[in-house]
Structure formats: structure tokens, C-alpha cells
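Chain nomenclature is as follows: A, B, C and D, assigned in order of appearance, with residue numbering initiated at 1 for each chain independently.
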Amino acid sequence: MKIVYFSWVRERVGRPGEEVELPEGVATVQDLIGWLSARGEGYADAFANRGVVRAALDRRHVPPDSPLAGAREVAFFPPMTGG
Amino acid sequence: MKIVYFSWVRERVGRPGEEVELPEGVATVQDLIGWLSARGEGYADAFANRGVVRAALDRRHVPPDSPLAGAREVAFFPPMTGG
Amino acid sequence: MTPVLSVQREDFDVAAELDALAVSAGDVGAVASFVGLCRSEGGRLAGLELEHYPGMAEAEIERVVAEAASRFDLLGATVIHRFGLLQPGERIVLVATAAGHRGAALEATTFIMDFLKTRAPFWKREHLQGGGLGPWVEASTTDALAERRWE
Amino acid sequence: MTPVLSVQREDFDVAAELDALAVSAGDVGAVASFVGLCRSEGGRLAGLELEHYPGMAEAEIERVVAEAASRFDLLGATVIHRFGLLQPGERIVLVATAAGHRGAALEATTFIMDFLKTRAPFWKREHLQGGGLGPWVEASTTDALAERRWE
């Protein structure tokens, strides 16, 4: 699965994106955040405040309990500040 | 006192404006409408529906009970349709 | 803030007016605008004749814009209203405002339009396709209600 | 109605976009627009860097405009959002709509801006006057509330 990061989530993680093989038991966006957070300090820092970081699956906003099954791309980013 | 008319009030009265000498007892916009209405069919027609025609004194919207004293110009017109 | 206000027969240059607002004194972050155009009403009309009350039209627009400036945090405002015979597709009115943030600009533009509709002394008369005069346009209840929601 | 939507680095021509909307299919009587500009925040900023999520930015703008078209009687809509480094005074975003009457155009423009602010994947970062990077701009509570009033 492809993961992409934007804004300060990208900066804290230290890369714009990556390909990952999801381990058993990582079924939802929430699960993925938990698994990523355990991968290192940058990740832990990026996801420290779980209420803040938003997610998108295949370029649509989704809530944290959304299942990952079938999605090709997951994105993590802070609240938007465009317009 | 100068009176000016606009839109279909002007057409019914048959002129864009006129100078009048106010008779005794004509103290308010309402009084003036009553006095004008008695001057002929065109005037009567223009003011037939008293709730519709609007008035301005010296280029400000005013309600019918406004006193005429001190005003130089009174205007009568239908509800506005600009914009 | 010194608004740009005009009642005129000629057309106006929307881009030039918006560009001028964007560089109003202050830190402009938002320019909202509204352009009202002459409709053909499905091909029925050859145009609209706009009559106005010279002197009062300018004064009333000035009062409406002053009221908007007192309610919203504006850095600039422009109102141009045309009169005379206008064909379908021609611009009738421009209302544009500049502000720090979008809320003030968008709300002030809506506010000014709502009040212009019911307070500025302009009257429209239909000119019919194929020749001949149509009726004077009647004031709409919608416009009266639109003004009232600001009370 | 086929909206004109673009996410681009280059500036855009507001007048050309508004003129195109004015001749949308149908009897256009109203064109409303909003232009968002880069502020200097009282001289503090050299500019704003806009990052976006390519692909999703376009898709989200399209969804917001489709939602606006389903709520308001629109004849046309244009949304252009820039990315990259923008200096104070530069245009960031254009939202413009065409409709028969002013209510639909003004409300749809406000609606689209409110939802772009909270849904379109763009992030602003400050570049400071005198050099150096400032913080990422934080999302405002006002914007979240502005979206919520349409529910």
C-alpha cells in the first residue's frame, strides 16, 4: 500500500511517502496510525495528537475507523488551510 | 415646493415634475398625496393605491406621515427595481 | 475607507475595479464581487430601460455603503450602477468589496446588493423583442425579504 | 453546467473568467466572485508557500462544486486554486459562479469558499520578511464553524 504525507506530517515523518506491506491485524486507518507510530520517533511525533491528523483513502477524506481493505493510497495530513 | 415623479407615477401624472404652492392644511406627505389626487384623473390614477407609491423628501426615503416643512423637493415613485 | 461610487450610462471595467480594490490601504486578503446583468428572459426581451432619480441614486448608494462599512470590517468598496437602455448580456451593476478576511467581503457584498435592490431609486422597464414597450418591472417580494434578514 | 476547475502554479485572469461565466448557457443575470489574496500580515510575511495534494485537490474541489450545484440554481462555476510560493498581494484562489438571480450566485460562492477552506487539501506555510521559514498556518475555528452553518 502507498502512503503519502503532507505539510508538517511529512516533515515529522521525514519523507513525502512510502510503500508499505501491511502486517496482519492492521485493518483500519486507526490501526495503521498505531502501527506507524511504533516505527520511530518521527512517526510518533507526527501522530502524537491523534485528534489532529486527518486521513484520506484514495483521495477522499475518511474517518479514523475506515477499513483499509481495497484502498491503494492512504494520505495523512494536518487540517487544511487553503482557500 | 418642487415635486418630481418617476417611472409609472411620472407617466400617470403626465409630467416629470412641477413647482407647486402648498395650500393651507397640507402639512405631511400624506396630505400632499390627497391634495394632488384631487387635481385630475392622472394624479388620482397615480396615487390610487396609497400603499404602493413611495416618497422621498430632499432625496431621502420617508414614511407618509412625514412633515413637509423645510423640504425643498418631494419625490413620488413606485417601489425600486434596480440592482 | 473611501468608497468608489458611480451612477453612469457607460459600461465599466470589472477587472480594473477589482484590481484597484486589491491594493486598498490595509492588508487585503479578500475581494468579493457581484455583477448584475440584463437577462433576455428566455429571448422575450430586447433590453431593459433603467430610469433613475439623479442625485438621490448617488446619495442612497452612499448611505447603503456607509451602513455596510459600519457593520463589516471593510478595507474598500466599489459600487457602479448604470442607467439607460441596456441589452441582454450587458452589465447593470457592480458591487465589490475588499477586506482582510472572506466573511466580511462576502457578507458586505450581499448586504449592499440586498439594500440597493430595495432602496436605490432605479426602475426597470422592459423593451420587447420585435419592438414595443413592455411593462415596468414589478418589485419582488423576495427582494423585500432579502433586505429584512439583516434587521 | 460544466464547471471550470483548475489547480495551478500560474496566476489567472479574473476578467476573462468572469466574462466567460457571463455567457454561460442560460439566461445569466448574476455573476458573483471571490478572490483570495496573500496578505503580508502587517509586513511580517515575505510570502506564503502553498503545498497541495495533487489529484486529491482537484477531486475535492470538483466534489465541493458538485455539492454547490446540487444546492443552488447555478448556470456556471469556476474555481482556480494556486500552489507554490506566493508574495503578498498575489491571488491565491478564485471562486466565481453564474446564476439567473443574485441569491444563488452569492450563496454558492460563499458555500464553495467555506468548503474549500476545510476540505480542499492545501496547506500554507509562512515565509518571513527578512528570510527564513515561519510556521505552518493553523486551521482556524472560524473556518470550521463557517462550514457547519450549511448543515
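Just so it is clear, a contact is a pair of C-beta atoms (placed from the backbone, for glycine too) under 8 Å apart; a residue touches a chain by one contact, two chains touch by 3 or more.
These numbers come from a predicted model, not from an experiment.
Shared contact partners of chain B and chain C do not exist in this assembly. Chain A and chain C have centres, each the mean of its CA atoms, that are 48 Å apart. Spacing of chain C relative to chain D, judged by their CA centroids, is 23 angstrom.
Computed centre separation for the pair chain A/chain D is 26 angstrom, with centres defined by C-alpha atoms. Centre-to-centre separation of chain A and chain B, using mean CA positions: 71 Å. Residue positions of chain C touching 2 or more other chains, listed in rising order: 36, 102, 113.
In chain A, 83 are the positions where the chain touches two or more neighbouring chains simultaneously.
Chains touching one another, given as pairs, are A-D, B-C, C-D. Here chain B touches chain C in the complex through residues 4, 6-8, 56, 59-61, 75, 77-83, going by the rule given at the top. The part of chain D that touches chain C in the complex is made up of residues 13-15, 18, 22-23, 27-42, 88-89, 91, 100, 102-103, 105-106, 109-110, 113, 142, 146.
Those residues of chain C that touch chain B in the complex are listed here as 36, 50-53, 55-57, 59-60, 81, 92-93, 113, 116-125, 136-139, 143.
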